[in-house]
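Each of the next two complexes has chain A plus one other chain: chain B in the first, chain C in the second.
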Partner chain A sequence: MSAGLAPEGGEPEFLRAFDIQAGDFAGAGNVSIAVKNLLKELGFAPEVLRRAAIAAFEAEMNVVMYGGGGHMEVFIAPRAVRLVISDHGPGIPDLDLAMQEGWSTATPEMREMGFGAGMGLPNIKRNSDQLRITTAPGQGTRLQVDIFPR
Partner chain B sequence: MAHDNHQRGGQGNGNGQDLPTMWIDPQACQGCVLCLKACSAKAIRVRGGVAHILPQACVNCGDCFRACPHMAVRCRTTPLEHMRRFQHPVAAASPTLFSQFGYRTTPNQILLALERLGFQQVMDMGWLCEMNSVAMEEYLLAHPELRPGISPSCPAVIRLIAGRFPSLLGNVLPILPPRVFAGKVVKERLAQSQGWDPREVGVFHIAPCAAKMVGPHDPVVLDQPYVDGVFSFREIYGPLLQALQGLEEDHTLQKCSGAGIAWAMSGGQAAAVDVEHTLDVAGFDEVVRILEMLEAGRLRDLRFLEAHICPDGCLGGPLVVENHYRAKSVTLRQMRRFGAMSRVNRAKIKQFMAEGLYDWRQEARPCPLPPLDPDTSQAIAKMKAIQSLTARLPGIECGVCGSPDCQTFAEDVILGRAGEDLCPFTLQRGGPHPAPAGRQTVTVKDLVDKLGLEVAAGAGGLGREVKGGYISDLLSDVMANAQTGAVWLTIQAHQNVVAVAVLKELAAVILVGGRAPAEETVAKAEQEAVPVLAAPDDAFTLAGRLHALGL
Partner chain C sequence: MPASLAQVAQWLRADVLCCAHVLDRSITMCHGSDLMSDVLAFSHPNTLLLTGLTNPQVVRTAEVAGIYGVVFVRGKRPREVMVALAEEYGLPLMVSPYAMFDACGLLFSQGLRGWSLCGPGQRP
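Coming up: the complex of A and B.
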């Protein structure tokens, strides 16, 4: 999506992976909370926690709602937080369209619950320093969110 | 009830400042896990058979106090006789006090009874609470960007926010809560108008909890220098009951309506603060859940959040006397009786705000628990070590090690706060989970040497690795349940035993109770190189010795 920024202090290393269940609205948000608490324990600044929490939550909800389940992996370096969110969903046919604010494929039921504002991907982009999206119809979607503490 | 020896002139002055609000009496503590398990903040450890509280992590919620059947947990409040240290003692009682004396006792009677106890001035805190609602409402209206404003009334919630949700500290409404406002008004206005020496004015909050006893770890020290002490409901209840006997209701102190009476009950503030979208939440875990949602950028529509650490709000405080369901029933009755319409003059509140009467003296400061290490690389290394240790722990969260759960125990070990040997399951025994990698292997020969077993047959297999043990005299049970690499303790000495050992790839067969193998058994064992050992011990004793070897 954007020009590749090399994180200072080396490539982030894998730390932990979390499963995300498809359609699990009741448990939705738990993975983001766990990720945020993990970063808090590592001593990342509140600003990093806030951005990571928001990006993680939006990505988690996308996997719950559209992705047919998947997982979130956390990679860490002293000056970089990387979240890799992969799902088994239908993929995103038109990524440029999906990145537009307000564009949504949410069902009426999802909207009923306060989702589907078309803010998910734009929100992730806004809160990350680098966002890479790999997707193709029928191939699932992989998001790589990089946050570099300032 | 335990008391500190603090000096006149403020609960934080003198010795009192260094004392924690909650503490555990080592003499009374039985070293059980009840408080350890009750503590949502994970602020308790049991070490050396005695529980103690980690002051940095404790938010003074009182859950340990509620959980302890041995009365070992103490809440520090001010001894009642401290009111005699001031010429002009003033009472500022939480309106929750109105719920403690049944349906027929009115707030006015309770305020008069306080007067009878010797307080020169008794504040109607219900009224000050109604004023506070207006002040919070006005602040919210003037700051539409603040979403949501969080009520500053519960000090335990404020500590929780400062420690675990520092990014939300800016959402706490910078309006003095009623108890502190009372103290400020008394000392800055009333004392003057009465011609009292301000140093001789002692303002005492009467509270259903000890969380209002501010200490060195408090992030928001709003109470000082306005509140001089906190009397608990439990301590003042008896004297008040006596004062209510034969009370003459000759004047009126009560100004509050039902809105003030119910203010400290969960939902009381959310109902009184008239802005769009209010939410009230009560109970430690529930509050954490809502704060997590806020920190994740959810609940964006919310304008006002009322959060209490205690279930049902202050009615459920640890130091109340009345059962909190009954207290709620009484509160609802009084609300109907006195009506929910507040008669507070909004213009006057606005004037107080303009004069700075509601302003905090100092900003709230975050006090997050320290990260695993100040250096992020080190913190990452420690987290990996914690993860790998956690994987070796049984995950049954028993608390026997003295830490609240396996994850926290792993943190305690890696941070040097506990020895790994405190866990009865890791390392010493195979435990419910696989033994850690890199552990030294144990061979059948090691067992023979260390336990002095007789090798009856199959010496060719003495180099086999032993991975565990199994005791049974039913062959089909062994076929079903024994693990590969186990030593099998049995009294069966016939040749089929060897067949089972071969099929299940057991490390060895140990005949217990001094039994000797049959001839055919010896022949088959030699043929298959399955060690058959003989032990004089019975199975129970031998199993114990095997465990002691680390199996």
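Coming up: the complex of A and C.
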């Protein structure tokens, strides 16, 4: 595990991994809700739960919509949560552009579901205390989301 | 001004589709949107969501964002599978005959506000 969590968060340990299916619009969100319930059972504060669930949900939707499937790994420390979301998609050619609110490559199907408004990555960043994105054309995308109690 | 979901149902002449046993929940703000990403970005806990979308992502978004109840406007009814999902999450769903603008206006006239007027540190 790479360094990155604040000292009070402690070193995170792997807890569980979930598969995310490409194009599964009907089931999209189930993984994030399972992650939220898992963290709730472990006693994390409601504010941490909410931010983790929102970041997880946006990331899961991205994997379903663009990422060609992938998985979400959950790591926990006593007071911190790390989510690592990896996909098999085309990668993000211009990350600075993708981080801008409103920038989107969504299809009409995605927009009909209420997504694809260009809020995904900015919203993940807003709910994270640390966000690391690794991506390159043809090599997929990996997000590491760290959340500490505020 | 907070209000109970039961009061909201009365003001909006709404049918309650599930979780009628938690209509005493008190909501502190409202969010009217068909953009689920906006709901995720700007909603606060204890929020009532008004929407014209009736796909399952609405229920999942509400669960993730900690939404307290959902009103479908303009008489739109979600499918049974969606109601069952909301029941599982303990999320009250209602259907109002009013269109979005009118439903929001009715709630505003009763003293309820959205995140841009009463969210912490959010006033424009």
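The rule we apply is simple: the second predicted complex is superposed on the first by the 142 of 150 C-alpha atoms of A that agree within 3 Å, B and C clash if a C-alpha of one lies under 4 Å from a C-alpha of the other, contacts with A are read in each partner's own complex, and residues count from 1 in each chain.
The working rule: contacts are C-beta pairs under 8 Å (C-beta built on N, C-alpha and C of every residue); 3 or more make two chains touch, one makes a residue touch a chain.
Here the structure is a predicted model, which means the values were calculated and not measured.
Enquirer: Quick check on the superposed pair: does A:126 touch chain B, chain C, both, or neither? Answer first, second, both or neither.
Expert: Second partner only.
Enquirer: Looking at the overlay, does A:13 come into contact with chain B only (first), chain C only (second), both, or neither?
Expert: After superposing on A, A:13 lies in contact with chain B but is clear of chain C.
Enquirer: Touching A:115, do we find chain B (first), chain C (second), both, or neither?
Expert: A:115: touches chain C, not chain B.
Enquirer: So, does A:102 touch the first partner chain B, the second partner chain C, both, or neither?
Expert: neither
Enquirer: With both complexes superposed on chain A, which partner does A:138 reach: first (chain B), second (chain C), both or neither?
Expert: So A:138 meets neither chain B nor chain C here.
Enquirer: After the superposition on A, what does A:50 contact: first (chain B), second (chain C), both or neither?
Expert: both
Enquirer: Applying the document's definition of touch, where does A:38 land relative to chain B and chain C: first, second, both, or neither?
Expert: It touches chain B, and chain C stays clear.
Enquirer: Check whether A:26 is in contact with chain B, with chain C, with both or with neither, and answer first, second, both or neither.
Expert: second
Enquirer: Could you give the residue numbers on chain A that contact chain B in one complex and chain C in the other?
Expert: 29, 32-33, 36, 46, 50, 53-54, 56-57
Enquirer: Name, in rising order, each residue of chain B that touches chain A in their complex.
Expert: Where chain B meets chain A, its residues are 164, 166-167, 292-293, 295-298, 366, 368, 370-377, 379-380, 383-384, 387.
Enquirer: What does chain A use to touch chain C in their complex?
Expert: For chain A paired with chain C, touching residues are 25-26, 28-30, 32-33, 36, 46, 50, 53-54, 56-58, 112-120, 122-123, 126.
Enquirer: Looking at the complex, which residues from chain C come into contact with chain A?
Expert: 34-41, 45, 51, 53, 55-58, 60-61, 63-66, 89
Enquirer: Write out the stretch or stretches of chain A touching chain B in their complex.
Expert: Residues 13, 15-16, 29, 32-33, 36, 38, 40-44, 46, 49-50, 53-54, 56-57, 76-79 of chain A touch chain B in their complex.
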